[in-house]
Amino acid sequence: MREALALLARDLKLAWREGGAIGVALGFYLVVIAITPLGLGPDLNLLARIAPGMLWVALLLAALLSAGRLFENDYEDGSLDVLTTGALPLAAVAAVKCLAHWLTTGVPLALLAPVLGLLLNLPLEAMPWLVLSMLAGTPAVSFVAGIGASLTLGLRRSGLLLALLVLPLYVPVLIFGVAAASAAITGPASPWPPFLMLCALSLAAIVLAPIAAAAALRTALR
Amino acid sequence: MQQTFGLAAHKLGCQRGGRTIFRDLSFELAPGQALLVSGPNGAGKTSLLRQIAGLLPLAAGELHLEGASPDHALPELCHYVGHLNAVKPSLSVGENLQFWSTFLGGAGADVRNALAAFGLAPLADLHAGLLSAGQKRRLALSRLVAAPRPIWLLDEPQTSLDAASLELLDAAIGAHLASGGIAVVASHTPLKSKFAHKLALGKERVR
Amino acid sequence: MISLANPTRFLELAARAIPWLAVAALLLIGIGLYLAFFVAPPDYQQGETVRIMFVHVPSAWLAMFGYVLIAIAALGTLIWRHPLADVAAKAAAPIGATFCFVALVTGSLWGKPMWGTYWVWDARLTSMLVLFLLYLGLIALWQAIEEPGRAGRAAAILALVGVVNIPIIKFSVDWWNTLHQPASIIRPGGPSIDPSMLAPLFVMAVGFTLLFVLLHLIAMRAEILRRRVRAMQQRQIEHAALVEA
């Protein structure tokens, strides 16, 4: 357990000190949302209708931007080799790193979303559920990104390949996330069923994704 | 007193990318003994070390840990110091070592001893990114003392080290062997440590 | 299974099976197409355009069959370490992707007269599109990793992750939208398609399946031979290095 906490603390410290990656992800999120109305026109009603979906799609892309660094850094400087010799199982190592990614990327993006929602005329009453749905869904995003990152470790163009591999797997998260976020706007449908599905998806991802990621890491380390 | 183990390899085979790197490799190390593995590049020195560390699967043969109970896993008893240093530039020297010490099962005092053993104490608060190549290598090697593990696997440990640092390395290996530990060292250049066994790889090409 | 593990034996068996499969597949597809276009009656609602179903539905089935095949091969690679498992997976991916693509195109063409547009985001077509993306991911991963051992294992992991996700994706897409015709073949209370349409459908399905197996065996042979050439080239390089030394 202390090994897991030490690894988490180290990864959080590194993310904080090498602050660049979080900043870039947040900046990317801002840029994509900012140019959307330029592409679609400033019709506020239209923007308000697409806001939850747009905010979710842009969040997925922004999260994927920083997913490459999940294992790449440790792989390149030899730390990953040494991490496998610890008492902590490799699946737990992968889980801790995905958790660190969620805390340093998923959560900030989710918290920024309502602010960006203002740019898209998102109604204020939709904001709590937007944030809640994102906080519930981004663990799945980070943990599934871990699978993609471990499969593409050390490959050329790994960023693009990672996105190609992982985005289809995000379809359920996206569907339920947008449904939960927009339920407050679109009327009587309750946000609870999709929200609970999101929680279930995240829990399943937290448990199962590290196993696949560890297998992929072992394969890459040979 | 740390538990001591022996390591025996029986007819090990290694394959990478579908090609056979070596086969029928055997050796036996009793506690307190060291093995020097030499050979040209590509002969399989790194592959052998990685097989013992559990990073590369065995294509053939077995590795046997003498004196171990079933819940001992070989990789968890090894220190693996490869070509890369596993040093994070944005953490300080002390933070780097403290992390590895905790992660690999060391105690608080071990970090101070490790810094001292490799002459890094004055650099402890510096960001590791500022270190020279030799200092980074010493930081990587100081992991060996930062957590107690019976089996040391060193891949060209002397890279970037000056004469004084080589002395520190030899002293550390000597102390480790004296307390019953085992070391497998891959190296082109001679080290002062006494090696009970030597293995030269790559003498015959495998068809 | 074990006897098939030897690539040479497999090549022999494949070589013998391929001509028979080719004849059988062509025959059945030929009969199926004849039945589909000349014998089966037009649908009372959709008219003649329903005939596209006889290509669309079997293609969709085989797209799913292909992915399941890859998933089973993935288990073969990761758990049983069957030597031909990754060859089977690698060979099946483009074939499955093509059937998936055919299903998408025929689905779109079938939809145009019914819905008025070439694409509608209904549950079935959307799920098929996501399946196509999963296939593309597998193929891209195979291409991106040079070392065949690692490529095989990585693709196997991805295939298993995908196969676990497919039901979840399907469920979520269904939940999201239901415009497409409900699955009219397998339904409690029997198929709702007229038996005169069922026969050509099954003939086409079996014919397509044989076609899949045929293409798969051909592709596996090609892959095995490709690997042999690579191994020979590697030995040549090593021998040359020895002679120089």
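Note that the chains are named A, B and C in the order they appear, and that numbering of residues resets to 1 at the start of each chain.
By our rule, a contact is a pair of C-beta atoms (placed from the backbone, for glycine too) under 8 Å apart; a residue touches a chain by one contact, two chains touch by 3 or more.
Computed from a predicted structure; not experimentally measured.
Legend note: the chain whose CA centroid lies nearest the centroid of all displayed protein CA atoms is A.
Set against the C-alpha centre of chain B, every other chain centre is closer than that of C.
When the C-beta pairs in contact are tallied for B-C and for A-B, the bigger tally goes to A-B. With centres taken as mean Cα positions, chain C sits 31 Å from chain A.
Chain geometry summary: the mean Cα position of chain B and that of chain C are 48 Å apart.
Remark: chain A and chain B have CA centroids separated by 37 Å (rounded to whole angstrom). Listed for chain B are no residues, as none touches two or more other chains. For chain C, residues touching at least two other chains, in rising order: 149. Residue positions of chain A touching 2 or more other chains: 222. If you check the complex, the residues on chain B that touch chain C are 17-19, 205, 207.
On chain C, the positions that touch chain A within their shared complex are 78, 130, 133-134, 136-137, 140-141, 144-145, 149-150, 153-154, 157-158, 160-162, 164-165, 168-169, 171-173, 175-176. Those residues of chain A whose C-beta lies close enough to touch chain C in the complex are 147, 151-152, 155-158, 161, 164-165, 167-169, 171-172, 175-176, 179, 197, 201, 208, 212, 215-216, 219-220, 222.
Contacts from chain C toward chain B in the complex involve residues 147-149, 231, 234-235, 238, 242. Residue ranges on chain A touching chain B, taken from their complex, read 2-3, 6-7, 10, 13-14, 17-18, 76-79, 81-88, 221-222.
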